[in-house]
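Each chain carries a letter (A, B, C and D) given by its place in the written order, and its residues are counted from 1.
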Amino acid sequence: MAQLTYEKEITGLIVVDPYNDFISEGGKVWDRIKGVAEVNQCIPHMEQVLQAARTAGIRVFYAMHRRYRPGDYDTWKYIAPIQSSARKSKAFEYGTWGGEIRSEFQPQPGDVVTSEHWGSSGFASTDLDLQLRKRGIEKLIVIGMIAHTCVEATVRYAAELGYEVTVVKDATASYSDDHMHAALAINIPNYASAVVTADEIVEAIAGGRK
Amino acid sequence: MAQLTYEKEITGLIVVDPYNDFISEGGKVWDRIKGVAEVNQCIPHMEQVLQAARTAGIRVFYAMHRRYRPGDYDTWKYIAPIQSSARKSKAFEYGTWGGEIRSEFQPQPGDVVTSEHWGSSGFASTDLDLQLRKRGIEKLIVIGMIAHTCVEATVRYAAELGYEVTVVKDATASYSDDHMHAALAINIPNYASAVVTADEIVEAIAGGRK
Amino acid sequence: MAQLTYEKEITGLIVVDPYNDFISEGGKVWDRIKGVAEVNQCIPHMEQVLQAARTAGIRVFYAMHRRYRPGDYDTWKYIAPIQSSARKSKAFEYGTWGGEIRSEFQPQPGDVVTSEHWGSSGFASTDLDLQLRKRGIEKLIVIGMIAHTCVEATVRYAAELGYEVTVVKDATASYSDDHMHAALAINIPNYASAVVTADEIVEAIAGGRK
Amino acid sequence: MAQLTYEKEITGLIVVDPYNDFISEGGKVWDRIKGVAEVNQCIPHMEQVLQAARTAGIRVFYAMHRRYRPGDYDTWKYIAPIQSSARKSKAFEYGTWGGEIRSEFQPQPGDVVTSEHWGSSGFASTDLDLQLRKRGIEKLIVIGMIAHTCVEATVRYAAELGYEVTVVKDATASYSDDHMHAALAINIPNYASAVVTADEIVEAIAGGRK
């Protein structure tokens, strides 16, 4: 991996959409993800990175998708395909188990849960950028779901905004190896300065802690 | 294709980075693109769509990458990989032939050339969105280079901003079929309401003109 | 007033911060506002405009300030003076009466309550712009609090984004006539295409309804 | 003044619109400004602050208004009052003396001239924020024209984006004392952490240089 450093004062961990609907058995989208996620041990790796960040004193930011509420999208003139899907599936429905954060990933005091995004980028129409900047964060470590949609979108926006980005490739997942390849091998390396494993980032974070 | 309509009052054609360095024989990046571009007849298709838009009275917007100037990026703390490449290659160098728009795609009176982007999205840190909105544009047709970087980024941002987007798949190109697949088959269909051929869009535009 | 029109399909009413803390007897900031607000009958005018918009089928959008929650601002490196004040006063504290919308202004089905802003502009770091655009809104009527901070900021951002803006001068208030003059006579006329009375906008809206 | 510090690595000087049309004898708008500008010695103070910033190694950023070009605004559906004025007066016309930076304020190597803004805020639809962030700038010192329009707008946006802002009150000017009062006494103190004199900022900068 690139020899990046992760000073805790300027590094933030972005956890993208750790909803039960995405990453828990029984979630609405889990069946489409679990093939990849079980092979690369995505969920344990997400936990591992989250724990390492907390231990190192790296602040944690949650980038969360809009939880479906009745009426959402109904009066929009235009709706992107991915929003049509969300509308149809009612993924992350507000007030349901699927719209809750998986228990192992519950926000802790000091974590920042940003306002919800309506598309894929955690930055679009939210306060994520403000919350990061207000704390002097310049470097991002990104984990979560789904590699080729929200994760890639958040990475692209982060790079356009000027952040230095690292993506943890076995702490994300998608519908197939083909989707993972598109996101992690084709696109994200143009925007993320490093694409690493959970083991690698945990070691690098621990190094930065010293 | 989806039965979209393209009313001239609310539709804009976005031409992404039609620089000689990208799309002309002798351009710095052309050798990496021409394999795909010659097979799908990208350049003639771009011309065909541009001509059809002009004939139909659809306004044309140019989303242009920063033309390299001495000193660019030199005092940046962080630089994304794709920006490092641009810095190294000096692609689209200001004042050189490579940094000029290929002759067939020269802006005409009434076209809008927006301010230059520093990353991949034509919207990031530019006036593209403002110029579109000020003219009541709600629907975008996107052509140009490169499919998996600037085109995909511009499409993603457009969808996040609320535009209805159509991408012309044989009026764009990339480094390989693998790159085209990642952009056009995996990612863009989540954000673009239609991914069509040049022939299809030309027919649809002509229909909207009636 | 300028002869603007307010077609219901493209016009939105923006209600800025109708919290009890601002506009109800007993609210934390009311004592500083009520001198002006009682003279210009701000609250009845706000109700009058809101009712007229609903009757005319003009959609209503609520631009709401961050309701104070414990920990807010605590880990920010920099805080603007107006944010320091909000932190100290705990204005609009979440879960308290002061942080609730005054009863006469409760959102109705079909209204849009946007995500909360941390400064003064209803657009900054929120989904207000997205929610407006997705419904084809191009023209805004702005009422609410406080004239020289959140109202002026929201008007300035709206104009920069390309909206046509109308401000209702007796459906807003501030700390003194001097503050009202700065906002309504000096600054806002550069950005709002019309600054009108409640009676004038009600008549214009009714006209647009025909 | 507040005891702010101005470390050169994280501080930027923003020079707003130092066009001949604004600040030179014979400029299109100078007659409306010179009453205030001559009394507060605005131009010499701007020079003094610019020189002090250069000496201290504080990077200089130019936030420049769109220079008028034929066709500008002609096909916009909506135009804000301040843009109508710019269109009518052709202020800062491209290719004319009025659209050039006054000679004493010419950019030097290492300065950053950002893309042009179409309204009042130096941040709206430009790369100003990107250029600042890419260099790690967190604190801004703002000078230039005009106090209640572009300067106030740029300050408001800066605060919303998270910057710590200082305004130099005798290195800006406006149409009257009333306009200066609205900007400098009523509005800007909510967003700028300090409003100081040129002498004060020069002393503070020199202190930060040690």
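Just so it is clear, a residue touches a chain if its C-beta (ideal position, glycine included) is under 8 Å from a C-beta of that chain, and two chains touch if they have at least 3 such contacts.
Owing to the predicted nature of the structure, the values given are computational and were not obtained by experimental measurement.
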item	value
Interface numbering overlap (same over half, different under half) for chain A and chain C	same
Per Cα centroids, the chain farthest from chain A	D
Selected interface, B-C versus B-D, where C-beta contact pairs are more numerous	B-D
Centre-to-centre distance between chain D and chain C (centres being mean Cα positions), rounded to whole Å	28
Averaged-CA centre spacing for the pair chain D and chain B, given as whole angstrom	34
Cα-centroid distance, chain B relative to chain C, in whole angstrom	38
Multi-chain contact residues (two or more partners), chain D	77-78, 118, 124-125, 130, 134, 136, 138, 160-162
Footprint of chain D on chain C - complex, ascending	77-78, 80-82, 118-121, 124-125, 138-139, 148-149, 152-153, 156, 159-165, 178-179, 181-183, 186-187, 189-193
Chain D - residues contacting chain B, complex	59, 71, 75-79, 109-110, 115-116, 118, 124-127, 129-130, 134-136
In the complex, chain D residues that touch chain A	130, 133-134, 136, 138, 160-162
